[in-house]
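Quick one: the structure is below, and I'll ask about it shortly.
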Amino acid sequence: MSKVAFIGLGAMGYPLAGHLAKRFETWVYNRTPAKAEAHAAEFGSHAVSLRETAQADLIFTCVPVSRDVDELARRLLPDLRPNTLWVDHTSGEPTLARETAALLATRGVTYLDAPLSGGVIGAQNAKATVMVGGDPAAFEQAKGVMETYAAKIVHVGPLGSGHAVKAVNNALLAVNLWALSEGMVALVKEGVNPRLALEVINASSGRSNVSENLFGQRVVSRSFPNTFALGLLAKDLGIANQVFQEAGTPAPLLRQLREFFEVAKREIGSTEVDHTAVARLLEKWAGLEIQ
Amino acid sequence: MSKVAFIGLGAMGYPLAGHLAKRFETWVYNRTPAKAEAHAAEFGSHAVSLRETAQADLIFTCVPVSRDVDELARRLLPDLRPNTLWVDHTSGEPTLARETAALLATRGVTYLDAPLSGGVIGAQNAKATVMVGGDPAAFEQAKGVMETYAAKIVHVGPLGSGHAVKAVNNALLAVNLWALSEGMVALVKEGVNPRLALEVINASSGRSNVSENLFGQRVVSRSFPNTFALGLLAKDLGIANQVFQEAGTPAPLLRQLREFFEVAKREIGSTEVDHTAVARLLEKWAGLEIQ
Amino acid sequence: MSKVAFIGLGAMGYPLAGHLAKRFETWVYNRTPAKAEAHAAEFGSHAVSLRETAQADLIFTCVPVSRDVDELARRLLPDLRPNTLWVDHTSGEPTLARETAALLATRGVTYLDAPLSGGVIGAQNAKATVMVGGDPAAFEQAKGVMETYAAKIVHVGPLGSGHAVKAVNNALLAVNLWALSEGMVALVKEGVNPRLALEVINASSGRSNVSENLFGQRVVSRSFPNTFALGLLAKDLGIANQVFQEAGTPAPLLRQLREFFEVAKREIGSTEVDHTAVARLLEKWAGLEIQ
Amino acid sequence: MSKVAFIGLGAMGYPLAGHLAKRFETWVYNRTPAKAEAHAAEFGSHAVSLRETAQADLIFTCVPVSRDVDELARRLLPDLRPNTLWVDHTSGEPTLARETAALLATRGVTYLDAPLSGGVIGAQNAKATVMVGGDPAAFEQAKGVMETYAAKIVHVGPLGSGHAVKAVNNALLAVNLWALSEGMVALVKEGVNPRLALEVINASSGRSNVSENLFGQRVVSRSFPNTFALGLLAKDLGIANQVFQEAGTPAPLLRQLREFFEVAKREIGSTEVDHTAVARLLEKWAGLEIQ
């Protein structure tokens, strides 16, 4: 790859594109141009117009939702060149991603859905995880570039698979967050020390990333840092629902969970708060704090 | 402690009492006497009558359900001596345990609820986790003895707390088992390789003990070894329900989950199968296998 | 029956005891004595002390919860005479009612659980429905007296059956209230006229007492008269849960519904509002009004 | 209207088109031509080719799903004449219906979604209920024709509203069927006579069409006549889900119910059985029969 473009310099995209700029000629585009200019100053990337990104050999997108990616594809379509690769790091929707891919294919551009996990820390430390769906040969091409910032890059299946796996992963995050909150408020009500309960659970069969990391650091500590918005997690549960719908497989628990998060968004009154705010909702319902 | 008694030589109790026999004069009792005799032969413990166990300084119980413990307490009551400690390793019910404790207190006997986690392997390797509820001074006394076979021994709160934490832990095990099954059947239907999906989830925010250990070893491998019966996990979900009921805190997800497991028991037609059989039920509903 | 006593002159009990006073010598007792005196003045009943009620041939109780009935039974126990009938119109719990019945039986008193439906209007118009559990011979004796104010009196089964049927009935009321609210907010959001939607549903297979009466009169009309408290309906769902628990039969929907009502109580912030307030909660979540 | 065409002579369509033939020149088309010929013989209608139906002034469709209607619209499109009315009696999907309507509008044809309730009996007795969405003027035109076989014809809102109201109605039917089944198996387990329980509920606040008609006639009677297939009711719950999705309003109960019916379809192993088969599933889970 001689030239890579990176569209979307948010909390994840900014450091990822920074890692790229160390190894590749990297063009960056952001809706707010100041961020692209800051990136260029910090990492030696090149702030370009949206239209210029179409000339890259490999285009990355890392934006809030699939609809944004599809709009970018439509706007860039006339300028895109055959054999360009488009790697989409958005946590998106399999169905819409397949439509975007079909559109890009009309210009000879290959699209891969490639959502990330590992959070902002993982992106900064070049330890991201990438789950990729789409053409295996295109995956092999893109993999080498993604190794710049990812510690684990896995081709999980056909087009849309990356988005599907990410949605299921985040649904599992959500189910652990909700279930542990239910359990902890009851235990606290019964006089149990929540830090000790977590310590025991983390040495037992019910442990999860949520019990081992999230809950102690954010809920029991009462810090609730704002790193992953409740609204985005609720969106991911909606995508998981689309996956279940398309697969036609029953998912009574995770579909129900999505409804709980939709209610939580409304009761909490904000989608911008950290996703751990659902623990506070359960606390409110229980009339106590987990501490 | 000069003499300890161990009642209940099941899959967990047998190795635990074995560790005890290396350091203490250990009397063992089992409903099927042959097992106690085998234990005596293997570990140098002493097979005694139920009534004789009442003469120990510390009595352990490790039986299927709290009802069994309560019956043992009633039968031994006339023979129990003041200042005896009774440590109950059963995965039991807080409410009934408090009744048993009150009964034993009439004879000056102190009861601690002290369920275990870590499974049979943990018990064999002297690496069990114990979560204990009850009198702190009695806990300190018992702790030294339990260190014979436990790597982590935590006093989590008042009488019944140990059972409550264990029930919540197992509910978290159950929710991960069910939710991951829902997610995986959908992913497989969409063409995703389940081993790769697990690999990615295990490097991401949705990971849990179930995704890291149980699912790969038992479900994707199609081995389904029979170590923890579905009926016992369903029982634990029922105990978790009692905890929620007593606490008076809402738990819409984990209470619903209990109903799903009750349905699963009936659809699977057995409570003796390994708890991972719920993954097979989801597979049946989805019309595919996770492999 | 020469003498009947009626304990509990609430919204239901007051008119019921009034009907009795027209045909029987009727002794009334209420915790707030002023109400009993007003009743005596209005209907010619006799306001008596609690202890005096024990001398009646037939004692009615109509109080908020089974716990109250059990306490009354304990207080009256020393004064009760053999062959007295105790008819309990409380919407109560089968299990506790059986305990109360066993206690009363020690004095030769026969207890029947006999909750009412038909609301305040039914009580005033002597058109109540009574569902009775317990001894068939005692039922036959009590039936003639209850005919004073009831249009339908049905012996549904053994002790506790009356309470169980009432709890299931009210769970069905609750499920229709919640489900119709979910449906109506969605229809209104889609531009449907809610009065016309109700008209059609009431001519179709989805109709219920809630769609035919409650919803038009209380929700669409925006009147929300306070006749049946949300807290009491939530209590009845809790009793239904006890019935399911005791029966050991799966009830995933109605158990889940109880959790929804527990959440609703907390979100609405009051248990005293009319039960139709759950429609307003769904409206809040939907961001619209059903009108 | 001088000429009407009726496409789809199923259990509902056959008698409806029969009523039409008494008042209008009626052309009938059915995929299996024998049925159309039988209809012509019985009612004096005219069996025509699909293509000929395009020449009618008013075209009725009454087929299993919206996809069928859309395909009919595509096939007839070249032959359709401006100002034709198309009234769709299918229990269909609002979204797809709006697409079909947009397609038909390109030829000047106005589409109304107009699902029916009242069942086969209602259709035979000319007592059907029709809920209609779409252009009010077109509704007025069609109403006069539908009065031939409908006792209640209501214009509920914009295009798609008829389908939406029907889906919600059927979700209410489904929720009553499921909830009453849960309640009745528990009551029977507790020794309650189910016929008496129904009698009481039908005189109380929990009554519904399901308790008043369906349950006694089909479940308690053990007759389970096959008139409305489980698979079709599950389909309607899926449409209700689409309505909730499009409206963006939370519907935790009715969305969960859809999952239960999807599970039921799989456990029952057939979508062709009568919808009351879910009562038998609950019976199986409870280990008893409601009788």
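Order of writing sets the labels: A, B, C and D. Residues in every chain begin at 1.
The criterion applied here is as follows: a contact is a pair of C-beta atoms (placed from the backbone, for glycine too) under 8 Å apart; a residue touches a chain by one contact, two chains touch by 3 or more.
None of these values were measured; they are calculated from a predicted model.
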item	value
Chain pair showing more contacts of the two, A-D and A-B	A-B
Chain at maximum distance from chain A, centres defined as averaged CA atoms	C
Same-site or different-site touching of chain B by its copy chain C, using the half cut	same
Distance from chain B to chain A - Cα centre to Cα centre, in angstrom	37
Inter-chain centre distance, chain A versus chain D - centres from mean C-alpha coordinates, in Å	42
Per-residue multi-chain contacts in chain C, two or more chains	250-252, 256, 260, 262-263, 266, 285
Residues of chain C that touch chain D when the two form their complex	94, 117-119, 129, 131, 151-152, 154-158, 160-161, 164-165, 168-173, 175-176, 178-180, 182-187, 189-193, 196-197, 199-201, 203-211, 214, 240, 243-244, 246-254, 256-257, 260, 282, 285-287
Partner chain D, residues of chain B touching it in the complex	262-263, 266-267, 284-285, 287
Contact footprint of chain D on chain A as seen in their complex	250-252, 255-256, 259-260, 262-263, 266
